[in-house]
Every structure is written in structure tokens, then in C-alpha cells.
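Would you mind keeping the following structure in view while I ask a few things?
All chains are identified by letter, namely A, B, C, D and E, in their written order; residue positions are counted from 1 within each chain.
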Amino acid sequence: MEQATLLEVKNLKKYFEIRGGLLQRVTGYVKAVDDVSFAVQRGETLGIVGESGCGKSTTGRTILRLLEPTAGQVMFDKIDLAKLSREEMRRKRKDIQMVFQDPYASLNPRMAVADIIGEALPAHGVTDGAEIRRRVNETLELCGLTAEQGQRYPHEFSGGQRQRVGIARALILRPKLIIADEPVSALDVSIQAQIINLLQDLQVQFGLTYVFISHDLSVVRHISNRVGVMYLGRLVEIGFAEELYENPRHPYTQALLSSIPRTDPLAKRERVILQGDVPSPANPPPGCAFAPRCPKAMEVCKTVRPEMTELSKSYQVACHLFRTE
Amino acid sequence: MLIYIVRRLAAMIPILLIVAVVIFLFLHMIPGDPARIVAGPEASAQDVENTRIVLGLDRPIYEQFWEFLSGALQGDLGYSFRTREPVMDMISDRIMPTLELSFVSMVWAIGAGMLFGVFAATKRGKWQDQLTMFGATTGISMPSFWLGLMLIELFAVQLGWLPTGGNQSAEHYILPAITLGSQVAAIIARFTRSSLLETLGEDYVRTARAKGAREMRVVWLHALRNALLPVVTMTGMQFGFLLGGSVVVESVFSWPGMGNMLITSVSMRDYPVIQAEMLLFAIQFMLINLLVDVLYAVINPQIRLDS
Amino acid sequence: MSQSVTPVSAAPGVTIPVAADSPARQFMRRFSRQKLGVAAFVVLVGLFLLTFIGPVISPYDPIKPDYNTLLQPPSAGHWLGTDEFGRDILSRVIYGTRISIAVSLSSVVIGSVIGTFVGLTAGYYGGNYDSLVMRTCDVMFAFPGILQAIAIIAILGPGLHNVVVAVAIYTVPQFIRIIRGSTLALKNMMYIEAARSVGIPDRLIIWKHIFPGTFSIALVYFTMRIGTAILIAASLSFLGLGAQPPLAEWGAMLSSGREYLMSAPHVALFPGLAILITCLAFNLFGDGLRDALDRKIVD
Amino acid sequence: AGDKKPSELVIAQDANPTTMDPHDTQDTLAYGIQKTMYEGLLGFDKDMKVIPVLAEAMPELAKDAKSITFKLKKGVKFQDGTDFNAEAVKANIDRLKDPANKLKRASLYTAIDHVEIIDPYTVKIVLNKPFAPILQAFAHPAGLMISPKAIKEYGKDLNRHPVGTGPFQFVEWKDGQYVIVKKFDAYWDKANAAKVDKITFKPVTESASRVAMLKTGEAQFIYPLPSEQVEAIKGDSNIVVDQAQSIIERYVVFNVTKKPFDDKRIRQALNYAVDKDALAKVVYKGFASAPESAFAPKVWGFQKQQMYAYDVEKAKKLLAEAGVPNGFEVTLWTPNDTVRAKLAEFVQQQWQAIGVKATIQQMDFVTLTNQLSVKPEESKLQVAISGWSPSTGEADWGIRPLLTKNMFPTAGFNVGFYANDQLEKFVTTGLESGDEKERLNAYGEAQKTIVEDAPWVFLTVQDNLAGKRKNLSGVYVLPDAALDVRGAAFQ
Amino acid sequence: MTTQKKLLEVNDLCIAFRSQDSVVTAVTGVSFSLHEGETLGIVGESGCGKSVTSLSIMRLLPLETSHIDGRIQFDGQDLLKLPIDEMQDIRGNRISMVFQEPMTSLNPVYTIGKQIDEAILLHRKMSAKEARALTLEVLKQVGIPRSEAIAKEYPHQLSGGMRQRVMIAMALACRPKLMIADEPTTALDVTIQAQILDLMRQLRQETGASIMLITHDLGVVAEMCERVLVMYAGQIVEEADVVSLFQEPKHPYTVGLMQSIPQLTKKVSRLVPIPGQVPPLTKMPPGCRFAPRCQHVMDVCMTENPQLQKVADGHSCRCWLYGKGGGLDGASDITRG
């Protein structure tokens, strides 16, 4: 089991400074990621869900050190990424790649697709032109595009095709881990399925490990082995997908699941409609962040922040309802 | 808001100090010995030496700087080399004509610029748009001294409608203000147009239409107010430009303002006056920036100054 | 403009196919639609040609005086008349093209290259370096351009080389601001982050991703600044700080012509028009470029 | 349309005055204004001849030229009511002489040792050395008499509070806008009392704007009127152009310590190469004349000399003799005002014909002055456009500061470092002799020497041009370019 | 609840856009009707013409570049033939609209209250004070707490969900007969979406307004609508009441759509995507527009575009599988099992 852990995030924090006033002094912090810990096993897919602004993307970007973590460790293959120098980290990026949410904004409109995909190779030591071309074409085909299409520019592609380009860019270095940040959210449902299938196929073919970030619970359920639920910068529940969806423990997860419209016009079900909005991460409530909206809130929830509690070896939840005393 | 303004004003002090140092060093780098010039073409070596002492230029440079700085902090800018008048008095004589002229120019430039800009934007792509923008670009491309001289020739000399120079009455403002403001008006027109075209494509403009608002209302109340934000910033920048442009225009229209005085002072190496004027320019510039930021916040509720 | 437009009543979905195109080709297509821009471009090409073939086509020697033909109004012999030394104004205006364009172009090139470099690095790296650059720019902005130029010339001495330096120095902070602004915007683009995520080094990101992104704005601004540079150089010559006689520089011609504004207006009129037209052409060309490159780029 | 008879005069000039303190003034423009309010013991008439003003008659210069005695007019009062008398004269000269005052015009009176009051209306001025031009020094506006009360009262601020004996008294001075004077009712000379109530002097730097003001009637008198503008007002029947020869001579100065200008033949060649008549026509539209000596005819002591006629062949021959048959290259400095720049351009064109390639370098006036005011070994000057107007109106001041050894910068203006022992001798004689004939003789020789030795290219003597409305009289420009407006009157 | 009276009837709507290069036809031959009190859903992929259709009803498409053909009958008036000022009287008054982007659809420089006041004052003769009272009332109605305070705030001070409530309040202020909601919840989080949908259901009951709900989320359609139009590439491909659409989808596109959505309740190992992609407007296939992606494609599909035809009671479909004699049997193949 130890051997199988590829990525372990320990107590990761990312605070953004809020600057204000004249001298641009720091007047506060947005606690975008606040003490998040989880592990990802080789070959598995860990899904992370949560509402907009809860810190999913920030988690992903901090792992890759596209943002510098405020605190915490990111153990990747037994190396703490947070401790590497900028240049070491740059080279390490060969092994960890990212697929971005917006297939429109994440491709440079001024570069031909083949250049976008092949650009990473020289940065990691492959300088031979023919070799680069060969590998670009190979990767294009893997992702369902043709070599001829490589000569085109992003604006000539549909959203789904662009996302394939984005995946090809991530894949060309043959990484061990891919962090996919909402890779299908911007796509139409009929295209979504194509991309999800592609990701699954590639995972099998190359033994990839995924961290799959999405706000779409159905997609996460479909693709993930394990799922973590985030709320306001914190992980509130994590466990195997089956268990989490069949039997959500955290009141937030329960509400989330019940909020999703079902494609069955006749189904009658009980809905938990939450009151109010997600609080600002710059000014989170003192106790449990969910307490103000929680239908099951207790007195203690307002003051004490619940810690992650292991319900079983593979299932953890951070809620006072499940405190083990 | 008030606290914000006070704090901004306070923050100007260190910058002004730097500006003062820069100006001072800069001036002393410019070749040309003021004592020689002030003493006059027929002065003997002794006369020049005397003049140097009178002007205080015989002392070490750091002492001169210290005197300038400590004086400036107490509101004493020294005496003009040229006229021996207190610089403060000279400036207080000159600043109003310049400010008045800048203000009048700015008012008409903003008025005309916005009007034309809005007009062009609403006629986007049609010949009216093209013509207006062509005119505006011509305005930007015209050397102001040329325009000024042409206006004098036409309206003062040929037609005799307006005076050629000076600032005695309202009539005197017309030609210099047109000359000084035309470039700014042209820039504002272009800027307003492009800014308005952008806001006209915004979702809230569609919302306004969906409410049933008439087109006039949509343009002037919904789109323009938002389009004004970048226009305000740019207009503020133009004000600085205007102060610079007044150097040329004031000389063409013998306007007794700061620009005119600056030219004389530079040609005479009248350090105290140049220093004071440059400092004043810098202060004006910063005050205008502040004003722009405040205005911006007034127009745009999303900006909160006191945070 | 070569594309024909199908009437609206055409069968649903039928359209004229558009060649699959690169950004450059797209740009050409869009630019060719800017009527004023194209016209301005033609004028500019003409001006550039003039700088080469000017000596061949100009009817007279631009600096050889003829004291028998002082200040003559336009005539068949001298299309634009003669100046106070009896020199042919047309020939001088033609020769002046070369000087005015060389001066404005070189000063703006120098200014924009330095400004772009500093702007890119300041915007990308941020931090103290950025603050320092921006404060310096603020101080420079606090002084009106013409004053800056006068001061710089006062130190360096008059002459065309120094006009180039002065205008370049004046141009630098403007470019820094523009380029830094758009660098800041681009820096937050997803595709920059994507490039970083695959391990592209910073300097390559700046060079290959950010610079091309700022390029269009820089180009538009570049053309417009040339107009401004011509005007500043002219003002400096007007104040006697620019070109030295007998060089045929438009500003200097205008400056000496102003004395005859009432008795022989053509002396000032034609160099003035030359400045106006050139400046106008650069500005309109810049407008056209901007519209063709991106509607979002504002003045 | 004929103008109504106005009582107020507006005069537009090209600059601001710098001060209203005549003892501390160095610009002629300020003197023009001061002379409405102040009077001196002596003065110049239209042709630079010295005449008595507050002195009863022309004073007596002692034979040894070491003292001079003035008899003063009686019944003269300053505008503040103070009497004008010997005390007042002494107060003025003492003020000028006091080194603590550091007055700019003190140097003009260094020859004075002290003042003796003989009686209330007679003063004797004792000199410390023979100094014949002392008469001109007293005719110079620097010798204008200030009210002793005002001297005491205002001290340093005198420059803003002029009080004299003149026909006008001070009203207001707004820098950059105007100086206003009004009629002084208690003026002593009823015959020459002011004929207008008020005069406003306005600075209008742009010459086209000045002309426009004259045309529209906003100003009744403008000075200077650039020769280029004359054409523009020719057709206007309400305007007349005042033209009179000035004492300003323009020349190109050689740095005679620099090769090849140490060779007289080169200097002469460059003189021959310039067509002075064409110059007057092209640069001054004919409002100038070819020079006839080292200074202008209206300067006291002038004698017409045989000048260098325009002769390209001769010039070429001289160059060949000097060993540079194909000419050479040279940098020509010039101040950056339009007229002098044009002058430079003209010279450049002329020299081109004999193969001398001049590169013009314009400098602002201050920079140029600075570049020139250096020791011989530091000077970078080759040749420069220059000019001189001897403000005392006599020969000594037209030669000595420019061409004698003691006047190398920074002591004087011998910026070309010209030195000629013979010339020094003539100048000393002219300076120290009390005998007019001897002096005139000495100056004649001096002029001959200068012209022959050609330390300059003698270019032109320009005219003073002013524009005025036809109904205005009594306003004119003195040869030294100062205005005399005291007699201004409208018809 | 549904009466038979038709409130809105759209006939053969064609919408084309002219650009410098070409003319593209975004919507072709769209016909449908909406009854009083009914909620009609329009679903389809991005770019299929949903928004354009709704904007054309409001006549909010850009005048210079768009061209609308067909007939839009609203309450007996042909909207397309109305003079512009009469149309402006209808907008926001009898037909109102809620847009997708609550973040950008409110004018950032005016307070919430002012913007709703304006909507009222444009159509009702009343004083500013009365308008404000009404504003506060509708704000309360859409569940905004502290409505007086909120009315004085600016849009940026509100969260996305609140802004969408404000948009709905603005749309309802004049009691319109028809409210067009163009993807009102797409930009919102699921928990907030649930709030807004709940609110809309409630308001529909209270005001009796007809709603045209545009969305690409089949779940939202299932929960909110009575009748559904499915659009593909500018055409309606299927029209049915909500239950039969979900239980017996007819068109291969509708079926594919349903199969490609991962289900929350049951896990399949692999999704069944619709292959290929929506053809761009400039390259529409000559026959059935879905043919290139269709698993059941036949020769006829490649050449001829089928008509929308009735396949069951209140259920029509544009597909050759049901063509020429209503081959309903073909349908059973593709209906998911």
C-alpha cells in the first residue's frame, strides 16, 4: 500500500494576500486552500468536487507549484515538491501535468497546434526537430486528431477538439500524474462523453494517475475511484465513490447530491435546499465553515472546527456529527 | 473617502521629494551659467562674480539644494534670478491664467470630444462615423503652433472678430482654448467612441433594452456611464499633456501663464523659477491623478477607496 | 473586400467557404477591409518610396539657394513655390520626408524596443523591479513631453541625433506602461499557465507567448507614436533645437516659414501639410491595424 | 477706418523687462520703459549724440580727462516730491559705486573715484584715471537718476518701485503681462510734458502675433518688427513702418588661435567670399546695409573704411596662397533665433562657393555664451555668428571689450582671442586723451587696423524696424534699440 | 393548469447573420407555440440557436447584422411587424427576459433598486416613490432578505445567486405574460441552482406567467418543464411533453444525448458518446443535419432533410426513421433499453 502512493498532500495551505490601501499593505487573506490532506495511489483517479470558489483549482495549481504553497508538503514519488528550487520544479513538471478547464483560453491563439503540443519537448531536453515532429504526430493521433490538423490554429477547432489538444500537450511528456481541472465543464454533453472516454482510455494505456477536479458530481462519480468533497477551502469528506454517493455522511455532501436535477421527470424526491450563499473565503465562519447553512448545525459547530475523522480506513469526514470520542 | 484623499496627499510627499532632487540635479546638469546670463552681455568678470554671489550660486551645491528644499517646505521658493521677484509671487500671478486656460480648453474638449465620440459610436461604420474619426485624427496630427497661427490669421487679422492675444476678457479665451483643446478633444472623441462601442456590446446594455428602454436612454444612461470610466482616466492624462502644450500655445497667444514663463526661465537659466514650475507641474499632475481616481470611484461603485 | 456576399435570402446554411487561415492571413483579410487604413498604408508606402527615389524625382537641389527667386508663390516652375533663400519648396519637402521619417522611425524604434523589453520583464516578474520601473515612469510622466525633450536637448546639445535620443527617451515610459499593462493581462491567461505547467522556462514564456501577445498592441501604438514623434521633432525644430540648417526638415521649414505666414503663407503651409499628412497616415494606419488585429484594443 | 484720438498707448515688444532699477539693468528693452519715468544728467538724441537732460548744459571735461563738472537744472522734482539736486546725484553715484550693492552697471562707472558737491546745483565728479568716454557713460541709461528717498526706502526692492523725474510715473508691473505708466502731472519741463495719459508695455514674444496686434489696433506701436513681417503690413494704410539704421553690427568671429584662422589671408578670403548686399536683401529684406567699418556709422568715432568687396576669385586666390586651395571644413556656431540662424545659413551658402564647408550648430543663447566665455586653451570655438551694439554709443565700447588683450573671457568678450599691439595703442590713446581730435584720430587708425587684419567677417549693419499706427507720433527707436516714447502723441 | 389559449406562436422562423465574409443562417424553419401558463423548455447543444430564437422574439438581435424571417405572433400581434416603439413597450412589460450571466447582466454603476425602478417606470405611470415600493415588494417576492438595504446596493456587492434573483425580480416587476429565461442557472452552483429553480416554480404558480426556459441541462428540463423542444444545429428536431420525451425519446440525437450523460444513480463503466461534432453553421450538411453523427444513418439522410412530423400524440420528430408512413418500429431500436 505504501509503495502504491504516488502523491501525498499533507496539510496544504494556500492563502492569497488581499492588499489594500495606499501602500498596498496586506490587509487580509483569502484562505483558498486551508489545511488539505489527501493521498493518491498509483493508477487511480481521485475526484475532487465542490462548488465554485471552494479551492479546487487552487489545490491543483498549488500541487504543481504554479502557485507557491503557503504551507504544507506535496510528496510526489517521495520528493517534497514544495521544497524544490524553481528550476528543479520546472524539470519535475515532466512527470506531473495539467489539463485545464477552458479549452479556449488555455491554448495560445497565435501558435499552431503542433507547436503548442511540441513546445514542452525542447524544454525537457528533446531538441531534435524530426524527433519532436514524430512525437507530436504520435500524440495527436493518440488523442484522436490527425497530423494534418497539427498545422492548424486553435480557433479552427471545436471545443472538444481543443480539449484533445490540451490533453495531447499534457500527454506528450508521458507524465505519471495528470491533474485535470474541470476538463469537460466547458464542453457540451455529447462532447463531454468523448473526452471522458479518451481520458479513461489513456489511463489504461499509460497507467496514468489522475486527480480529476470538477463541480459536476455525476461526471466525478463516473470517472473516479475515490472522491473528495471540498467546501470553502477545506476537504470535508473523502472516500470511495460508491460509498460516498450511496451514503453521504457530511450534511453538505448530502445537500449537494440532492440539489442535482435528475433526468427523470416523474421521480419524486426529497430535496435539501440550502439557504444562503457560500461565505467568502476571505472571511470564513469561525467554526465549521458549513455551519451557517447546515440544516443539522449544532452549537459546537459554530465555534469549533471539526477535524477529519476516519470512519473507516478509506473513509474520512470532517463533521461534528461523526466525532469519535 | 476623505481619509483616502488625505492619505494619498501624504503619499505625494516622498514622491515630490524625489522629484525635487531630480529636478535640482537635472537643472544643474544643463550647461549654461545663470550668473553669466543674468549679468548681461556687457558684464565684466567682476560683474559676473558679483552676480554669482547675489544669486547664491557661489555656494556648494548641497547647500543650495538644502536651501531650496527647506525653503520649499516652508512655502518659500526663493527669488527669481531674472526679476528678483519672489518666485511665489510670480507663480501666483501666472498660475491662474494657465489654469483658467487649461480649464476652459478642457471643458470644451471634453464636451465636444464626448459628443463627437458618442455620435460616431452610434453611427458605427457609416460615413458619419468615418468622417468624424477622420476629423479627429486630423486634429491629433496637427501641430498646435501651426493651428494657433492659422487661427490668429483667420479670426483676428482677416475677420477681426477676436483678439490676437492676451487674457483681458472672455473673448481672449476663445482662440487659445480652441488651439490648446483641439488635440485633446480629438483624442477624447476617439477614446469615447471605442469605449462606448465596447460597452454597447455588454450584457447589461442588452438587459436595458430588454426592459424596454428607448435607444437614447440605453446609450446615454446605461452605456455611456460605463464607457466613461476609461475616458476619465485618459482625460486625466491629457490634462498633463495640456499643461505641457500650453508652453507652445501661451507663446503664440502671448498668454501670461506658466508656460510662457517657463520658456523665458529656461532661456535665462532662472533656476528658482524653473524648479518651482517643474515642482508645480509635478504636483498638478499628481493632484489630477488623485482627482481622476476619486472621480473614477464616484462613477464606478465597484471601486471603494477606503478599503 | 474581394469576397462576394451572398444575399440574406440564400438557402439556410449555405455560406461562402473561407480558406482555413493562420492569424496572419486572417489579419490581412481584415485589414484589407479598413478603407481608411488601406489608403493610409498606400500613402505611407508612397512616403517610404519617396525617401529612396526622392533625390531622383525632386526637380531642384534642396539646399542650393537662388537669390533671384526669393519667396515666390507656387508656379509652374516651382509647384510649391520657393522659400526665403529661393530654394524650391517641393524639393525640400521631398527631401524632408527622408529626414522626418528617419528621425521619427529611429526614435520610436529605439524607444519601443527598450520600452517593450522593460515593460515585458517588469510586468512578468513584478516585485520590486516592477515597482522601481513604475515609479520611474511616474516621475517621467510628471513632466510634459516637450519639456522633457527640451531639457534633454539642453544637456546633449541640439542636432538630429539628440532629437532622436530625446524623443526615444520620451517614448520609453509610454511603451513600458502599455506593454506592462498587456503583459499583466496576458500573464493571467490560462495558456501562459499551461506553458508553465509543461515546464517552459520563463524567458521562453516571455519571448514566445507574452511578447507575441503584446506585439499587436505594440505595433498599433508604434505607428501612432511615430505621428507623435514627428510632431515633437517638429516642435523642437520650431524652437530651433532640432535639425540644423540647411537640412530640409519639415519642422525647421515650418519654423522659418512662420515669419512669412502673412506675406508668403506657402512657405509654412506645405511643410505643415506634409507633417499633417504623414502624421495622419501613420495614425490612420494604426487605426486600421488595431481594428484588424483586435477590436478590444482601445486607443 | 481712421482711429479715434485715443489717450492711452499700447506698445508690444518681444520680451519681458527684467527690472525697473536702471543701475541694475542689462536689457535695452527695460531701459526703454525706464526712460519714461527716469531721466539722467545727460542723454542720447535720435542719432546717439550726447545731449544734456537734467544737467543745465553739457559738462566740462577736464583737460587731463580726470574729472568732470555738472551744473544741474533747478526746480526739478522727483515723482515722490523729493527735490533733484547735487545731493541726489551723489546719492545715485554712491549707490552705484557701493560694492555691497553688487549692481550690474557698476562696472560702467569704475573710473569714478568720488563725487564732490560744489554747491546744491553743482557736482564735480573726480575720476581715478583718465577716462574720456565718461560723458557717454553719463548719457547711458545706467546713469538715470533715482529719487534718493526711494533709494533709502525701498533698498533692494527698488526694481519694483521706480521713482524718477520723468514725464511718466509708475503704475503697475505684472510680469509677463504688462508694465503700465501714467502721466506725471508735476513734470518739470512743461514744454515736453506727456501727451498721453497712460502707456502700457506688453510682452508679445511671437512676432506674427505682434504684427496681428498692430493690424487690429490692439497695439499702436510694436518693436521689433522683423524684416520678414514688413511685407505683411505693407498694404495697410493705417500702419507705417519706422526704419532707421541701428548701431548693431553683425559679424562672424574667428578664433584666431585655431588653425586655419590664425592666417590673415584665410580670414580675408572668407570676408571676400560674402556678398553683403545680397545678405542685406536676402536675410533682412533690404532693411540693412553693408558695413563700412568695424562698427556702425552712428557710433561716435566712426570713420568709413575700405571694406572687403564681394570677390570670389580673390577669395579663392587668397585661399590658394594660404595653402588650402580646395577649402576646408568648419563648424559655425550660432544662437538659435531665426534671424541669426538665417544669417549663419547665408554665410554657409556663400562660403560653399569657395569650397569652405560650414556645418551650422545652433545653440540656445545661454549655452553659446557659456561655450564662448572660456579661457583660450579651453575654447572649442572655430567661428561663430556674433554681433555688438556699443550701448554707450562711442568707439571705445565698440572696440575695447571685443578686440583687446585684457578682454579675453572671462574679463570681456574677446571670444576670438584677437590681440594686436598696434590696436592696443590706439585704444589706449582714445581712452585716455582729453582731446577730441586726438581721440578721433586714434579711433580712425584703430578701425583701419581692424578691417585690414580681419578678426571678423564684417556682415551687416541692420536697421531697427518698428511698426506703428499712422496717428501715433513721437515714438521712435534709438540706434541702440532702446525705445524713446516720452513724446508719444496721437493726432 | 395549461389552458389551450396560445400566447405565443412562432412560425417558420429563420434567422441569418451577415458578417463581412459571409452570411450564416443560425436558425432555420423553427415553429412552435406556447400556451398560457405553460412552461416550455428548449434544450440543445451550445450554438444550436436557442438564444438567438429567444432574442428574436424580443427583437434584441443586432439590427445591422441580423435578418429575421417568419412570423412571431404574441397575444394576437405580429411582433416582427411592430414599430420599434411599440415593441419597446412590450419589452419588459408583457414579455420579459432573464439572461444567463447574472454577473454581467446588471449595470454595475446603478443600484439594484434603481434598475428595477427603471423597469417599472418605463411602463407604468407612477411616482418614483410608488415604483420603489413596488420594487421592494418584488424583491421580497423573489426571496431577497433585507430588501430595503439590498435595493441600495450595487450589483457587485451581491453574490451570483442574489443577482439572478434580482434579474428575476426585474423581469417580474411588470407582471409579464411571458418570461423568457435563457439559461438562468447555468452560471450558478448546484446548490444555488436548486434555490433558483425552486423560486421559479413558486413564482410560476403565483403569477401564472408562461415561461420559456432555455437550457442545455436535461435535468433542469425534466424538473421544470411541461413541454420540451430539442434543437440541433438551428432546427427543432424533436418536440414532446416532458414525460414522453424522457421515457420514449424518438430522435437519435435526443437518445444519444441522454446516453452520453453520466448518471448519478447508477454507474456504467463506459459512456456512449455521440461521435463527431456539431457542424459549424458555415458547413451544414445538405441532408439531415445530424446525419454525419448518426448511428442509424441511411442514404436518404445524406441527401434530404426530413420534416418535423408527428410521431405520437403531442410528440413530433424530425427523422427519416419515422418518415414516410411513420415507421415507429424503427424507433424501438434506438430507444434506450
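In the analysis below, a contact is a pair of C-beta atoms (placed from the backbone, for glycine too) under 8 Å apart; a residue touches a chain by one contact, two chains touch by 3 or more.
Since we're looking at a predicted model, the values are computed, not measured.
Note on connectivity: the fewest steps through touching chains from chain D to chain E is 2.
Listing every chain that touches chain A and chain B alike gives C, E. Across the assembly, the mean Cα position most removed from that of chain D is the one of E. Should one ask which of B-C and A-C has more C-beta pairs in contact, the pair is B-C. Here the CA centre of chain B is 54 Å from the CA centre of chain E.
One inter-chain figure worth recording: chain A and chain D are separated by 88 Å, centre to centre, where each centre is the mean of the chain's CA atoms.
If you average the Cα atoms of chain C and of chain D, the two centres end up 47 Å apart.
Here the CA centre of chain B is 39 Å from the CA centre of chain D.
For chain D, residues that reach two or more other chains under the stated contact definition are 208, 364, 367. For chain C, residues that reach two or more other chains under the stated contact definition are 154, 258, 261-262. In chain A, no residue touches two or more other chains. By the touch criterion given at the top, residues 125, 202-204, 206-214, 222, 225-226, 299-302 of chain B touch chain E in their complex.
Against chain E, the residues of chain A that register as touching in their complex are 51-52, 158-161, 188-194, 196-197, 200, 215, 217-219, 221-223, 241-242, 245, 255-266, 271, 273-274, 277-278. Against chain A, the residues of chain C that register as touching in their complex are 20-23, 189-191, 193-201, 204, 208-209, 212-213.
Of all residues in chain B, only 15, 18-19, 22, 26, 29-32, 130, 133-134, 137-138, 140-143, 145-146, 149, 153, 157, 187, 190-191, 194-195, 197-198, 230, 234, 237, 240-241, 243-245, 247-248, 262, 266, 278, 281-282, 285-286 touch chain C in the complex they form.
Against chain A, in their complex, chain E makes its touches with residues 45-46, 159, 161-162, 189-195, 197-198, 216-220, 222-223, 242-243, 246, 256-265, 267-268, 270-275, 277-278, 280.
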